[in-house]
Amino acid sequence: MQQWIQALITGLLLGGLYATLSLGFSLTWGLLRTINFAHFGFALLASYVTYELSTVHGFDPLLTLVATVPIGVALSLGLQWFVSKVKLDMFGTLVATFGLLLVLEAAISRYWLQDLRRIPTENNPWLSNVLSVGPYTMPVVQILGLVAAVALCGFSWWLLQRSRAGYAIRASVENPTMARAFGIDATRLGYLIAAISGVSVAIAGSMIGILYALSPASALIWVPVTLAVVLLGGLANPVGVAISATALALAESFTRQFADPSLAQLVALGILVIVLLFKPSGLFRPTVEVSER
Amino acid sequence: MSTDILRTDAVTKTFGNLRALDQVTMSVRDGEILGLVGPNGSGKSTMINVLSGFLRPSGGQIHFGDTRIDTLAPHRVAELGLARTYQIPRPFSTLSTLENVMVGGSFGRARTDRDPRTTGMQWLEFVGLGDQADDAAESLTLHQRKQLELARALSCEPRLIMLDEVLAGLNPTEIEGAIELIKSIRDLGIAVVFVEHNMRAVKGLCDRLFVLQSGQQIAEGDPATVLSDQAVIDAYLGSQHA
Amino acid sequence: MKKNSRAFSTLGSIAALSLILAACGTSSGGTDGNSSTGGSDAGGSEDPIRVGGTLALSGPLAATGEIHRLAGEQYVEWLNDNGGLLGREVEWVLLDDESNPQTSAAAYNRLISQENVDLLIGPYGTANITAAMDVAERNEMVFPQHSATLTYAYDYDRHFPLFASGIDSSRTVSETIFDAYAELADEAPQTVGFVVNQNPATDFIAHGHEDAPGSVQVAQERGLDVVLEVDFPQGNTDWGPIAQRIKDADPDLLWVGALGGDSPALLAALSQIGWEPRHQFHLFPAPGLLLGAGEVAEGATSTTLYEPQEPYLSFEGGQDVSEMFTAAAEEAGLPYAVAEMQAGLSWATWQTITAGVEGAGSLDQGEIADYLVNNSIETVLGEIDFDPEQNNYYGDLVAIKQIQDGEFTVVYPADKTADGTTIN
Amino acid sequence: MTATQTRAPEAPTRPTDNAARRWTTPGVLLVLVIGLAALPTLQESLGLDAYLIVFGYTLFFWVTQASAWNLFSGFSGYLNFGHAIFYGAGVYVTANLARESDPNIFVAILGGALAAAVVAALIGYVIFHRGLAHEIFALFTFALAIAIGVLVRNVDAIGGGGVLMVSMVTYPEFLGSVNEMLYYLGLLLAVVAVVAAALVQRSRLGLGLFAIRDDERVAETMGVPTFRYKMIALVLAAAIGGASGALNAVMISFIEPEATFGIDVSVMVVLMALVGGRRHWAGPVIGAVLMFSLSDRLTGLGMTELSQLLTGLLLVVVIVGLKGGIHERWQRRPRAGLITFLGVLLVLLVTGLGGGFIGALLFALLAMIVVLVVPDAWWARLVNRSREGQPR
């Protein structure tokens, strides 16, 4: 019984990381009509900055968010400016952002070389900082990650569903011409969404820097699970992202605990494939239903 | 008594709990122009979508000639000779104007022994788009797009064509041209279902009228009697006062 | 929006133009491939002897590819400082195979027929070596390689493996591991738990192949009780559940089929749930990262074929590889600059080429192969005798090293340990 | 309306072809294919190095895969991000045949085509009934490919416990060495793929697919049997991809699930087609030649970061500068594009400046892109000024 609960806890904590990583990708795709592969490059850069500041300059890894979040926001805003200026269709953005990902990977491997890097344990107090409740243990840094995920998904849900800005954003995505006629400044709102994506991708990146070993080619490890979360959760639907991230993480965690870790990804992607077969728009409605023309 | 080319029995269509069509029974006679009229939101466009197979009916049956079509895939319905235009034109944007028409000419009821490129040009000239043949469909004006809708429907060589508000958004001269065009379609022996708000055109063109209000039939018959029917007037006037 | 899209098209044309100039500039140097001759007073005035090879300079294997690049460059520099080959300077034509077997095979075709190199040296990584070896075999060229572990797959008679684990490597490596722990006599581990990366190299040593047994079978044969056997995928994103299963199984010896960054992540997860491995073995970890794991890694053992300590330092070239590699690695900014197994394997492979060419006194592939098969070669790994009956494999030189007080030191077999340190 | 029976409808290219123009393209292509087929035999006498044979094979491989992918995804608008499923099916047919004995290459290729076609039919039948939106279809296939990779890794019957080796295959003597055999069969598959794409594009199936791409529901109500056409195109694309995968297994020789079903092939074919142009069979061919010759030259430079940087920049420049892809933009300046390409190619070949044939090919393509990327307004002024000789 104890294993079930521990696997549940581990799954929830992992779900927090998946949600934070996927939120930005989902918002950019659903609201800004951009499939942003450079997203994974932004996360990787944030991981490396966290590694550099904590290993070389001795900062506390979590404090490095002070540096990574602004970088993440700047990169996301820059991309949004580029995409809005360049007028590409959905698949054009995919090619362009894949190109930017390659450029980012080249820059990262120029500075940090191809070598595997990981924050040494003495520079990384978070690895041993564990909260234990009875037999169950939870790394504090992952709890903070879960809190951040809930906050980010909650805020973007509130923004989109309950605030005036959110109403304007959804309107301008559903019918840009009509929205402009009502004086909605779509570009400014676009930058707001880009900023939220920037914050969430930076937090996810720093978390990855704290928990995992890094190499320039490791950005693409996170692509399958992010796509699964975004497709399952419904485009640009923060609540959908949070719940599908947790569901997939739990599925992986239970598979690792009770079946075999090598099947974890198969189970997660299998769930996605099955759900999409019966409910093509994912478990939850996308925030903006692209109306049948 | 000319035979019925199209017959519906108690056709219903619901969107969630909204009953867009409620037990509608109507028929279209061979070679006639049937006016399908009614205030906004009365289910006219839904009826065309259901008849053309664009939408599946929730209940009832539809027969085209003696074949039941509400269970057929839409492309099978087109092959039987039923074509339609769209209220808001939906051209194939990346194809040229001629290529748009060639789609009808290559599929639908068009006999495969005819070169769709030649027949396509003929239909374009028929609707007056002859010299736009190679322009991208995206670059056409609204009026031209409406003409393209017509040419595309005709290129399927239909026995029945459904026109969904082809006059909407046109200036008077363009409307005159369109009316002449519809007359010449009828002269080709093609039956027409004519959905329109322009009562003058309806009166001028239609042999019979079928009036819908919020998904239900409220009147049927020749234009003069139907348009003087109190229920029809209330339906239209009522909608103006509401 | 016409103005903006026009602006961007102009930007596009300028960028494309610069692309061309960049491409022209870089490749106008005539021969492709950055050749590093190094060394100043190379012998002989004739044109240099060109040794062709690829390495994973990008992609998932690039971390270890980098080590082989540095070791190779240092050896070529050392060789040219000591008279080169047959009195001629040596040039290493190195291409990037992007950790991809298909690119590797195409690149070796290019090295042979476009660059017309005189000699070959194998790439890094089992997949790339297998693909490249087919090309070498079709061209009947001598193919020394340093890191292929799937010994059952190679029967090309001019292939010279330097991963010195004998032809039956999954058994010999496993026996050596358990022999080392048997030294602990009554404290030797009775139960063992296997956690294995699905990568072909680690999977083969752990699970063997068809009739060749891996560590799991060898452990059972030796009467050890296998209490856990779990596989994890390459690029695993969560270690919590695996740590939990290890804790529940509570093995005396934790046998981790690790590659690269697996070990520190697993050890961190284990320490978070408060479980200390009594004995822990890691197959092919990135040594720097394992040391970086600090206290939890104390006592961790791993396989090695070269360490910068006696007796290896007194083997042929043992001192040179340690000094030159460490200097170059620090200058390049590698986080872990110690010359260990990978650097040693690379150096030994170059030593095999040198021995073969100098011994045969010619660049004829057949003569080099004959010389290598009939003579013992002195390398940093020790003395090697390629045995044609065993597909040019030879005895097992694999040793076991252990982290003691934060440093790696060889603990088994006794003749490879510095001042008789033992496993604990 | 006189019913005169004439040819099938023209290819929907912008300028209406007249008869003479109609036969030049196939004519030129035929000459090119014959020239390529003769290359291996003439290779020594022309003093070209043997690497061209291997480069040629790999180029044909990418042309085949990109053309096969475009035949379904480019024409129908359903961008398949899991093309590696069909490629991988072919690879694993050869790999499993090679477990007992060295397989006959033709048996492997046909088996690969069949296996991929069956897999495609299964996936297509299940997916096309669901009416997935285009972008959801794209990323659904991406996840499916990776899931199949993990499945093959863990099912020993197919994946062989993770690693399968293909060392030798049997093939008729007259094909020569293994490299020459790969070259000839690679060329054959490339011709099959390109001709299939061209025939589909000019046929009713092609017109139907274009209609599906623009507005599937309208196409269905105009009589286009959308489900059947999507199935036919997907199965055809998969069969060609599978056949080429079965042949490529010989080249890789070390078969692993992650590498085979990973994103390399899936993403590269999409990039090649999008860069080259999705709406015409020549698009993916140009994209494949550009992207592969670039990566071949860059790996030669041995400077990894630079090659990654250049590839990334090129992607951004081309997709932004040439929205519809190189071929579509070429259609607006066919003469200028062709003259630049052939001119630069000849100059570089003669002077040997570009570093051999492949370098010359790459720079000629890049020069053509520069000419095509120049915006219309500038181009008009440039052309007029050169014609009238005095500045505006």
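Each chain gets a letter, A, B, C and D, in the order it is written, and its residues are counted from 1.
Keep this in mind: a residue touches a chain if its C-beta (ideal position, glycine included) is under 8 Å from a C-beta of that chain, and two chains touch if they have at least 3 such contacts.
Owing to the predicted nature of the structure, the values given are computational and were not obtained by experimental measurement.
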Dominant interface by contact count, named by its two chains: C-D
Centroid comparison with chain C (C-alpha atoms), farthest chain: B
Inter-chain centre distance, chain A versus chain C - centres from mean C-alpha coordinates, in Å: 35
For chain B paired with chain D, centre-to-centre distance based on mean C-alpha positions, whole Å: 43
Chain centre separation (chain B, chain C; CA means) in Å: 73
Numbers and ranges of chain C residues touching at least 2 other chains: 5, 8, 57-58, 62, 198, 233
Chain D residues counted as touching two or more neighbouring chains: 150, 153, 215, 304, 306, 308, 313-314, 320
Touching two or more other chains - residues of chain A: 86, 109, 114, 260, 262, 265, 293
Touch-based graph of the chains, sorted into line, ring, star, complete or other: other
Complete list of chain pairs which touch one another: A-C, A-D, B-D, C-D
Residues of chain D defined as touching chain B within the complex: 1, 3-10, 12, 14, 16, 204, 207-208, 210-211, 213-215, 217-227, 279
Residues of chain C that touch chain A when the two form their complex: 1, 4-5, 8, 57-60, 62-63, 65-66, 99, 198, 230-233, 235-238, 240-242, 244-245, 248, 260-261, 264-265, 268, 271-274, 286, 288-289, 292-296, 332-336
List of chain A residues in touch with chain D within their complex: 29, 35, 86, 88, 90-92, 94-96, 98-107, 109-110, 114, 220, 223-224, 227-228, 230-231, 260, 262-263, 265-266, 269-270, 272-273, 276-277, 280-281, 290, 293
Touching residues (chain side chain D, partner chain A) in the complex: 79, 126-127, 130-136, 138-140, 142-144, 146-147, 150-151, 153-154, 215, 263, 267, 270-271, 274-275, 304-306, 308-309, 311-316, 319-320, 323
Residue numbers on chain B that touch chain D, as the complex places them: 52-54, 73-75, 77-79, 83-84, 86, 90-96, 99, 102-111, 113-119, 122, 134, 152, 156
